[in-house]
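Down below are the structures I want you to see.
First subunit A sits with subunit B, and in the next complex the same chain sits with subunit C.
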Partner chain A sequence: MANLIIKIKKFFAMIGKSIKTFFWNVRRILNNFKKRVGNFLDRHHINPAGKAPGWAKALIYLSPALVVLAVFTFWPIINSFALVVYENYNMTNNTITGYTIFGNFIRVLTDESFIVPASHTGSSAVINTLIIVFISVPISIFLALAISVALNSIKPLKGFFQTIYFLPYVTNTIAIGLVFAYMFKTDGGLVNQFLKIFGVNVTGLSWVESNAVYWRSMFVLIFYSIWSALAFKIMVFLTSIQGIDKQYYQAAAIDATPKGRIFSKITVPLISPMIFYITVTSVIGAFKIYNAIVALFGVAGAPPGVRYNLQSIVMYIYQFIDGSNAGNLSVAAAASLILFAIILVLTIVQMQVSKKRVHY
Partner chain B sequence: MDKQLFQKSKKIEKITFIFDLLAIVTYIALFLILFNLLELPPVINGRMNLDILQFMTPTYEFLGSNLDKWQMNSIISILVIFMVVAVPMFVINVKKNNTRTIYEIDSYVATSKFVQAMINVLSFNFISTGLRIYNTFVLIKFVKGYNAKEFFKSIPGAIRAKIAKMKEKKVVIDEENLDSYSASLKKSIRRQTTVHVFRLFGTYLFLVTMALIIIIPFYWMVLTSLKDFTGATTNNPEFFIGISRWNWVNYKVVLTALNFGVYIKNTVIVAVFSTIGTIFTTVLAAYAFARIEFKGREVLFSILIMTMMIPGELYIITNFITVSRNGLGWVGMPTGQNQYFLAMIIPFVTSISYIFFLRQNFKQIPESLYKAARVDGCSDFKYLTRVMVPIASPTIFTITILNVFSSWNAYIWPRIITGVGGVEGQQYWLISNALRDTAFVQESGRVMYNLQIAASALVTVPLLIVFFAFRKYIMNGIGRSGTKG
Partner chain C sequence: MELRLENLTKIFTNKNGQETLAVDALDITIESGTLVALLGPSGCGKSTTLFMIAGLVKPTAGKIFFGEDDVTKLAPEKRGIGLVFQNYALYPHMTVFKNILFPLENMDVPRDEAFERVKDMANLVGIGELLDRKPSQLSGGQQQRVAIARALVKKPRVLLLDEPLSNLDARLRLQMREEIKRIQRETGITTVFVTHDQEEAMSISDKMVVLDFGKEQQYDAPQDMYNQPGNLFVAKFLGNPPINSFEANVKNKQLIINGKEFMKVNLPDGEYFVGMRPENFRAKSDGFIVDIKEIFHIGRDTMIHFDFNNTNIRALVDSDSIEEGQNKVGLTIKPDRVYIFDKETGKVLNNG
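For the complex of A and B:
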């Protein structure tokens, strides 16, 4: 038995050795080749590395990223400005009927269901998006702040809670959206079962199905967007709260400062840059809401057979690529430039305010 | 400190790992075999008859015994529970055994060994149980210096001592004899303690409530995915179901009949290649921005940063034109000439935000290291691969994971790409598209919620496994990238 083990060991050692020799040989040959090239260059007094300017070297390193970025990032930016001045751009045969400067913008702005509520649905993309932004962002920020302060104040089970609160970050939006839609089902949905405990009459109480009303569907959407956005905010707030110098809290403890005042006078001012940053990024993120709506209500953006619509701005844009109005890419480009303008304004506000330091 | 005992305990633990691993392999193999045996409904006219899925009562022959549907469900459920317990325990133990030093051994370690032995008994891993119990006594000897015999003898004495201590009367301070100052101090301390307890209670109540709101959708997802059709659509859903009614066949239907195996394969292909591409391009670009001096570096970099503000929707319109017939011709061509994978991977092989993130990391590496390497005749590329990448490897790993997550979640771009391909495009769906657009319906047109939710669970579980395996990297990465601003 021992003999066999020794033999097996020897066998594996042999294999390992031969692999090693092979690679050493490859390396030796490569080094020889390098040496020969080096000798050749030396003999003819050529020094490629010495003469090449910095940008030549940088170009080699940058080229893989820059090529992709040029095609899929820079060209789209330029091309969108080209697209908005085309009239009736036809994608299949690449033709246009003429040029217009503001025509596509005007078409977007006066279009039913962008700003003006459409007559058959009574809701518009911009209003929907604004409702989502102005309700979900403040609530999620307050909740995240409360949770991270609470988390910071406890010791046992802290890591456990932290892990649980982080879970929504690593999930697939569509998958959990389907679960939420199932939980808000009319008959036998978990939420309706829960409401039944409190004596609410739940027969026909629809949230995401054909009998639902606008605000109930909106509630589900906002609830889901808060649920999925909490994780990132809690993480960021918790990291910045933990970064606060402990001396402030010790000084406050000596003065027997109430907890509420510690929160409002120490914690919030000291992490205010982070709160502001998170506010701006989550407003931008909420403006771009799309996946959550698709997950809950499908590509139509509304439960089947209802007279309203939960379309967001991004959803409005995408309907020109695939959907009912497919093919009218100029209008889509105009709408996305409007979205860009909104985001640009928000970013500039953020830069200006954070320059002036948000503390104190 | 008896070093020999410590070494002995480590050696025993290593031997135990072999049996743990064997047990895990057995569980997985058995699970796969039984899962393969599960009977699917018959296919009629190229479509599986999902109506009869819950009414089928097949019997399975396994190892000479006949199992009915319920027994089969129970066995698979037990195997899954074993896997859920054994695999993390194994990984954690291996990690701990490799890093534990002689100074970290205390009575807690011995107790946890014993608890693990008990868990091993419950999962029918008797050899590991024996070895772990033996190891417990080795550790007791190491910590307390007792033999097994002496240990058992010492137990009654310890219990008696504990009881005696509990019976010992507390010293009562006579409050009436206190002067007024001490009395008020005592009162105030008592009040503060009460407030503190109430606040702690409130905090935990709040945290637990929020945690429940977070966790319930996950629980409901797993529970529903194992129910049958009636159980998933009834008006009074159950909140717990016994293991004999966990219908693992749902997952098999989703994987085979509803093609989710193919979609997961597609997603893995896209995720792997786009991640490799991303790492390659971003590391090189970040190096150029961090170390190489060239004219216009700052200008180029600030242009890149500025494009981060532009919403992705703006790109998608033109990118769609670029990859379709009038551009690169990857999609929108006649059937058979389309390159869906190229169209889904290539636009995402680089990312400005990751370049930015990595550059910040590279910049923290001291310049003197670079100069020292140059003096020693190290080329730029060699410096990058031998020095910088190893130092920045946690960041690169975080980027890898985040990139895999984002390909796993990609919805709109794959939808547009595969949407123009019609039936052919459906073969290239990624999981998010498949989840949204697969029709989980019966012949009668009713939605099979249990299958839909099973598909959701199938998509979510791999993400959760990756998350729990690399929790530290992911959470640190998010915290840091957030603070970067």
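For the complex of A and C:
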């Protein structure tokens, strides 16, 4: 038996060795080839890189990424600027009735359920999105900061808690959405069971089902987006907190600095570039909220049988691509550009505010 | 404030349960208002001792007294110490003013008085006009001054400095040495500082403690320690160029070097370690004749190399007393500048 194990080990060692030898030889051949090419070029006084300017060389190295970006990012951006001027664009037969500069923007801005609450639902995409952004982003940032400071200060079970908080990051959104929907079930859902302990009357207390009122479904949605956004933030904050020199804390300890002041005067300013980065990216991310709503409420964007709607701006845009108004890409493009403008303005505001508060 | 260490011991235990004795039963009393250096090679436990005084490291055994108060169990913030870190640990996002103000913000001090104290302290350390700058806009020496000001502004009972000059260049180091000495004189604060540089320790401290493997080797005023080293380690550690040490026999109360009688000593026969400092030799025609191996002219002095009992010996003598190409010279040395150490324990036997 022992003999067999030794034989198996030897066999795998042999395989490993031959693989390494193979790569070694490949490199030898390539080196040889490079040398020959170099010799050939030298003999004929050819120096392809010599005359090319620096940017040309850079362009060659960047070209693979640039090609991908051009096809999937730059072209769609340019295209959306082009689409926006078409009047009554029809995707199926690719026809337009004319050109317009503001027509599509005006249509979006005056459309029911974009900014103006729709008469049949009483809710609008922009208001929904703003509520989600301005509630979930600050809460999740503060929570993430608190949790990462707490995680940094505990020793036992640190790895365990880090894993727990990181799990949402690696878990499928739709799967989490289903779990949430189950947790918030009216009959026998985990949340209602929990509330029952505190004597809350939970009969018919609906969160994501037909009787749910607007703020209850919105609460679930915000709860969900905070929780799923925490993982990445905690990871970033924890890493940057761990990068702070311990001596700052020792110096503060000797000066009898209370914990709260250490947090606000030392920890937060020292990781402020990371906080700023997280704020900007999560505001952008929250504005683009889409799959969380779909995961919880389906493509309708609302619990079944309710009057209101939890549609976000991105969902509004998508409905012109494959939803009820399918085919009118011009309106979708106009709405995307409005979303872009909102995000741009907010980011510029954040950058201005951060100039004083962020210490690099 | 008198600072007293009683039987202070620190044992570090690593993950495998291996124990390292970092500080071994230190018994030191630092008089009020003196500047004391903890001196020793790397890993001798000097920084650990300092951090134990600061309260950042808990001692395994022993006690620390500030005056009559036993502070051994006290948290660092309750001890009333000012600590200057090796790399200063200035808060990078705060101005110099805010940095110095920071300790006062945690105390019960009126705002006007706090501002006044910050300004006074900044002027004392000579950075009065840099208060609006950020630490990154300061030179190393200026950062050092800010760190000292921050440590002193809350009027601590004891000032602790961890390798305060090691991050500065040679010229600044000389200047900051004098500055630290001056600031300490002006404030009259009991100061302990850690260094591995014997020259630095000797030039600024009132007294110094030499440590090796966590054990106190000698505690004395610098010049006394230099002239009367307690043991071979201290003798070897102090002085640049280092002391010459070699083995020699004593026969019939005579120290035998190179087979000849060198000087009279009052010791029993046997083998000893002998130490002689290079600068204590004098060239005199009626002295002990040695064969010169090499001559180096180094400015003011001349360094000659020769052998004592097959050990290379260096001597610094007056340039005028040696000529180029000379191969023999007579040397004398005062008897009280010859140190004879026990071969087993390294303790000095004829001096101190």
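Note that in this section the second predicted complex is superposed on the first by the 279 of 360 C-alpha atoms of A that agree within 3 Å, B and C clash if a C-alpha of one lies under 4 Å from a C-alpha of the other, contacts with A are read in each partner's own complex, and residues count from 1 in each chain.
One rule holds in what follows: a residue touches a chain if its C-beta (ideal position, glycine included) is under 8 Å from a C-beta of that chain, and two chains touch if they have at least 3 such contacts.
On a predicted model such as this, the values are computed, not experimentally measured, just so you know.
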With everything superposed onto subunit A, say whether subunit B and subunit C fit together or clash. fit
With both complexes overlaid on chain A, does A:152 touch subunit B (first), subunit C (second), both or neither? neither
Spot which of subunit B and subunit C makes contact with more residues of subunit A, would you? B
Is A:332 touching the first partner subunit B, the second partner subunit C, both, or neither of them? first
What is the contact status of A:88 with respect to subunit B (first) and subunit C (second): first, second, both, or neither? neither
Counting only touches as set out at the top, which of subunit B and subunit C does A:279 meet: first, second, both, neither? neither
Considering only the touch criterion stated at the top, classify A:254 as touching first (subunit B), second (subunit C), both, or neither. second
For A:245, is the partner it touches subunit B (first), subunit C (second), both, or none of the two (neither)? second
For A:266, select first, second, both or neither according to whether it touches subunit B, subunit C, the two together, or no partner. second
In the superposed model, how near does subunit B get to subunit C, counting Cα atoms only, in Å? 6
After superposition on chain A, the subunit A residues reached by both subunit B and subunit C are none
Given the complex with subunit B, which residues does subunit A contribute to the contact? 53-55, 57-58, 61-62, 64-66, 68-69, 71-77, 79-80, 83, 91-92, 94, 143, 146-147, 150-151, 153-154, 157, 161-176, 178-180, 182-183, 185, 187-188, 190, 193, 227, 230, 232, 235-236, 238-240, 243, 259, 273-274, 277-278, 288, 290-291, 294-295, 298-299, 314, 317-318, 321-322, 329, 332-333, 336-337, 339-340, 343-344, 347, 354
So in the complex, the part of subunit B that touches subunit A is made up of which residues? 199-200, 203-204, 206-207, 210-211, 213-218, 220-221, 224, 233-237, 280-282, 284-285, 287-288, 292-297, 304, 307, 309-322, 324-326, 346-347, 349-350, 352, 355, 380, 405, 408-409, 411-412, 415-416, 419-420, 431-432, 435-436, 449, 452-453, 455-457, 459-460, 463-464, 466-467, 471, 474-475, 478-480, 482-483, 485
Okay, in this complex, where on subunit C does subunit A touch? 54-56, 75-78, 81-83, 85, 87, 89, 91-94, 102-103, 105-107, 150, 154
Subunit C touches which residues of subunit A in the complex? 245, 247-248, 250-258, 261, 265-266, 269-270, 272, 359
